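Across the two complexes that follow, subunit A remains constant while its partner is subunit B and subsequently subunit C.
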Partner chain A sequence: MTAIPGAAALRARRTRTRSLASTGTDGARFWLAAGPALAVFAVFTIVPMASVVYYSFTDYSGFVGVPKFVGLDNYARIFSGDKHILGALGHTLVYSFFYVVVQIAIAFLLAVLLERAIRGAAFYRAAFFLPVVISSVAVAYTWSFMYDPNSGTINGVLRGLGLGSLAHDWLGDYNLALLSVIVVDLWRNIGYSIVIFIAGLGTIPAEVVEAARIDGAGPIAMLRRITIPLMTPTFGLVTVLAVNGALRAFDTVYLMTGGGPGNQTELYMTLAFDKAFSNRQFGLSSAMSILVVLVLIPVAILQSRLGRDDRPARRSRRVVAGVR
Partner chain B sequence: MATWMKATAGVAAIALATGLAACSSSTPAGDDESAATPQSLSFLLTDNGPEWSAAFKTIAAGFEKKTGITVNIEQFSSDDYDKTVETRLSAGADGPDFYLVRPASIPDYVAGGYLTPLDDQSWFTALEPAAQKAPNAVQDGSAYAFPIAKSGNHVVYNKDLFAKAGIEAPPLTLSELTDDAKKLLDAGVTPIAMSGKDSWWLQFILFHATAQQVLPNDPDNGAEIMAGDKTFSGDAGWESSVQLVKDLEPYYLPDPLGTSADAAKAAFLDGSAAMFPAPWVLPDVRTTDLNVGAFVFPTTENPKEPSMWGDFPYLFGVNPTPGHTKAAEEFAAYLFESDVYPQLLTGVAAFPVVDGVAAPDSDPIFAEAQAAYAGRTFYGSPNDTWLPGVGDVLTAQLQDLLAGKSSAKDVLSALDDAVADAQ
Partner chain C sequence: MTAATVPMGTPYRARRWLRALKRLPLQLVLLAVSLLMLGPVVVMVGTSLKSNKEVLVNPIGLPRNPTLENYATSWVQGNFATLFANSIFLTVVSMAIATLLAALAAYAIARATSRVASWVYVVLAIGIFLPMQLALIPQFRLILTLGLFNSYVGVILVYVASCIPFGVFLMTAFMRQVPAEIVEAAVLDGCGYFTMFRRIFLPLARPAIVTFWILQGVQIWNDYLTPLLLMTDPGRRTLTTGVIAFKQQYLAQWGNIMAGVVIMSLPILVLFVFAQRYFIRGLYAGSVK
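Let's turn to the complex of A and B:
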């Protein structure tokens, strides 16, 4: 069995690191360099998180008054069947389905198309990625104008094309509002997934593709038996990133609808925000936030492990064997 | 555990302790009368347009010239103002010295020590009696906030569109209003520039109604409901007021739930809507050539209805925590000086709360508005005294009402549930 090429280098690096740390002068330099960053991390990440954990066990209003310890009351309330919280959870699940499943499917298909040497591929890649770098505020306000039922671009174009029957009150219709907001977030973030998929497609060994082609594999077989299996780590990475983004979704809904109409676009995180800053229920809001963190911890661990996966060679050999 | 990991943990722990100490609230500076006059005062308020901003900046410059104290003005959008000011107040000695305060927030701010009593100030006692008792401003017998002006929330209407629809005079009763609205619809005009996407905007119809159907009979209605002594559900005035929001829906902009308040304003300014149920559109109206007038929104059948929605829209308070109370009170007094106050009123486009001061000529419509106000008692926004969270339920419920998902009774029931939850 062939030794893993990087293992020896890894062992050597670890040995060097131990040597560095044990050397007095080098160690002092190391802490001098790392200290400020650790201090910033502690102050702006650890301290606020610890505060949120603490407040989640209190009835703190978020502004005045001394927080009183209430044990698990806040957590119990989240699971007590509060219809507002249940509604927000339901909307978040719908949002997550589209943000994860639909986005990944569309992003992968687009990546497969864009990865080919088609004319203008670089332009298309940039065009799909452009929304990712636009400010979320600008995106929300622009799309809000576009969605206006009376003067918005979308209905205007539809009416101009004689398709007035398709014009809707996109952000005011209770059945369409959530989907309308989801479309905006998909448009804005799909470019990120496409870029990751394109990078993943680029790691597929050319010889594997060539071997499959020689063996008579057509485009569909190539996709099913070569591309998708070898892209498993990339799919995994995109999935965990999408789940992470879906559970923390906030700004588009907050800016475009504020959770309306009638709470129809209220997501879990927008509700947590309102509980803290509108309802002065900071303790409950903290408990809601902590639950999201607990759900995201295994997601983050999975993301970290997928990022360190270094077995492409073995996977390639299995795939080729499977094709044959 | 490897040495480097132990060391990392140690550095992080020291940084954590340092951070906790650094992030603890600043100890209030306390107000030391013998302390030197501060170099500057921090003044927080909402951003209500260029004329408003210019007025306060001019006044701040005059105060600096007179006293040598710089007033650092910071303005924030109305949507974010409460969250911003509360974050700043929590900063303790670094919080604002003088700031705009919303009535509903006053009890919490007083409890937190972020407002100081003003009853002993000579400029305060010169305010008209109603202004000395603005909604929620008086807590435990002391006044902690003061208004700089009062304003009636009249309707601004397009006279040319009314004439086009054959309407000779603005309506005085609810029946006349709906008749006029039908005429406007027949003339191809949107009667009322009202929409529901920005839920706060939809409340404007409701508050015109509560000022005439709820509060005249029970001025302390809000406080009583919040205390649990009454309910929304048992009040016929509340039910008819909420129902009015739904009844007038045919006269709002099409697809109101998807139309923003900005779009509603645009519809009025471009001449496609005839009535705008709030006066704050006037600065924008003056950038157009619209021929506008003012009338009080009628929600009853009494042509001489003695009540209307009007309030003290801008309350201010002094924060004692930074320790500049005297200087901040001096600035408050400066606002009411005889050569300053008229300038302030012109900038905020509202009416005086001090006797003997003429109404500003901020807008040509003001004379007509004042004539409409004559003989009427102002009743404020009912949510000024509500507990946190109740207002949010109202705005969501009004959207449900417009969508046909709930009735007026359902709305009131939901409000009662929200009160119970907030108590």
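Let's turn to the complex of A and C:
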């Protein structure tokens, strides 16, 4: 760098004109244009978020009284093996397994099938995607009806098929409630994952597929050797989104079961919410929230990295080289 | 992919048949899964067309005596006219303000060259990653302190703040692509700072704005938690909180409840049918933010 004498001077000049622009001509107008957005965002997002951080170190009840500083007590309590918190964590883990692993497997399979369908593709895609846009209130109540033990659709169908012995109180049964909730959220979200997979499939270069076909690759080999390796970034993106969704899962449990029966569907986020609003332990609830944010930040960074990844092109070159 | 496996000598028509036959299992699987996915929506609509009594005796079949009675009673009992007005008002006003503020900020960031501007961008864009339901209680307290509890203003401000990060992100990306020559030519013609925003940058960002409205507008329309916590006055209920209250009142009158749910979902369903392309593109854009 020092070999080019003019470069440093050039760089210095450029930074000078830049800083001049910021303080001189741009200054006032810049703040006039960006100010309103910054102000609203600061007051209604940054300040509340910052106070969650602060309250996580206090014993604040959330509504009355003066918060007392308690250091890391709230965090210690989360890790102390509180049965309630451990239970919610366990349910969130089970939920995450289905929401991440099972969802991705099904979504990928459906995306591959959908890509091959020439006729009706638009209809199928719409059908898969429709649940994504419906409000969680509508989803929760429709499924509450379907799960109803007496007049619900699911038990009705089972009885109609002569399988009445399989009829259950889907949301009231201790062993089934969590799975029932998971099914709803899988139904709700799978279309989203499918859409991302379809977009990922679209980035696979036609030459690669063609080359593999000429070399006599069957559908399974094609999937294993071409599609899946080339889709690694897409798998990453879908995984990150699913982990994000699983850790933040809230709506369906809140609206359908309220965490019941007997805390069997209590998830981490619904518990954090209950701690604050029902148990008046806002300090503890804040600490729980901060922990989720700490996990979500790297997830979010990964998400933005994977989103603008240009690797598919490079990868495909490597795979092509491997095939030949 | 079928061409290679069908013997070359086969006549054209037969080959086409063979190909269609080979695709049959694929189509059947996709059709079955699609029907499974549409099932709950069919149940929702079908149940809303049955009387509450028929739901009990005929929970799974198609309605025997389809009736719109549930819609009439739910509409009146649930005060849906008010709920609709409130939801439309909150969504449109929040989105309009958020669009204006986010577009202005994006414009300022796109045109500035200073380091301060890139910091402003980072600060605003970070909001995309913050799970906002975590800040609900401090927001709730803030709204109380400001005396905005039970007022539309509080909810609108919370919505605007939650939409700004993604709006700035989307629109900055668009506005940065405006060629420098256009800006220079406009400056030479005596075009002022804010005139240039209105005349050049805002119109050019239209595709980003459409995506923004679809993504965040649907989110606001579907949101229940914010109005549930910030507005307890029954007269200010939105479609979502209104339907929640309606369900609590009607417990197991499923015909009526489903009619309410259909009424609530109808605008989104209609929008989805006509703007499916934008939905899918928009939500994809949202995933790779």
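By our rule, the second predicted complex is superposed on the first by the 290 of 324 C-alpha atoms of A that agree within 3 Å, B and C clash if a C-alpha of one lies under 4 Å from a C-alpha of the other, contacts with A are read in each partner's own complex, and residues count from 1 in each chain.
To be clear about the criterion, contacts are C-beta pairs under 8 Å (C-beta built on N, C-alpha and C of every residue); 3 or more make two chains touch, one makes a residue touch a chain.
These numbers were taken from a predicted model, which means no experiment stands behind them.
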First (subunit B), second (subunit C), both or neither touched by A:Y75: neither
Per-residue touch tally on subunit A - higher for subunit B or for subunit C: C
Partner chain(s) touched by A:L237 [first = subunit B, second = subunit C, both, neither]: second
First (subunit B), second (subunit C), both or neither touched by A:N279: first
Touched partner set for A:F98, first subunit B, second subunit C, both or neither: neither
Which of subunit B and subunit C A:Y147 touches, first, second, both or neither: first
Partner chain(s) touched by A:D173 [first = subunit B, second = subunit C, both, neither]: first
Which of subunit B and subunit C A:F250 touches, first, second, both or neither: second
Which superposed partner A:V43 touches (first subunit B, second subunit C, both, neither): both
Contacts of A:N263 with subunit B and subunit C, given as first, second, both or neither: first
Contacts on subunit A seen with subunit B and repeated with subunit C across the two complexes: 18, 21-22, 30-31, 34, 38, 41, 43, 46-47, 62-63, 148, 150-151, 277
Sites on subunit B touched by subunit A in the complex: 2-4, 7-8, 11-12, 15-16, 18-20, 22-23, 82-83, 86, 89-90, 108-109, 111-112, 196-199, 253-260, 263, 266-267, 388-389, 392, 395-397, 399-400, 403, 405, 422
Interfacial residue positions of subunit A with respect to subunit C in the complex: 18-19, 21-23, 26, 29-34, 36-38, 40-41, 43-49, 51-52, 55, 62-63, 110, 113-114, 116-120, 123-139, 141-143, 145-146, 148, 150-153, 156-157, 160, 187, 190-192, 195-196, 199, 213, 219, 237, 241, 248, 250, 255, 269, 272-273, 276-277, 282, 285, 289, 292-293, 296-297, 300, 303-304, 306-308
In the complex with subunit A, residue positions of subunit C that touch it: 1, 4, 23, 26-27, 29-31, 33-35, 37-38, 40-41, 43-44, 47, 55-56, 59-60, 101-102, 104-105, 107-109, 111-117, 120, 123-124, 127-135, 137-139, 141-142, 157-158, 160-162, 164-165, 168, 193-194, 197, 218, 221-222, 224, 239-240, 243-244, 247, 252, 254, 257-258, 261, 264-265, 268-269, 272-273, 276, 279-280, 283-284, 287-289
List of subunit A residues in touch with subunit B within their complex: 17-18, 21-22, 27, 30-31, 34-35, 38-39, 41-43, 46-47, 61-65, 144, 147-151, 169-174, 257-263, 274, 277-281
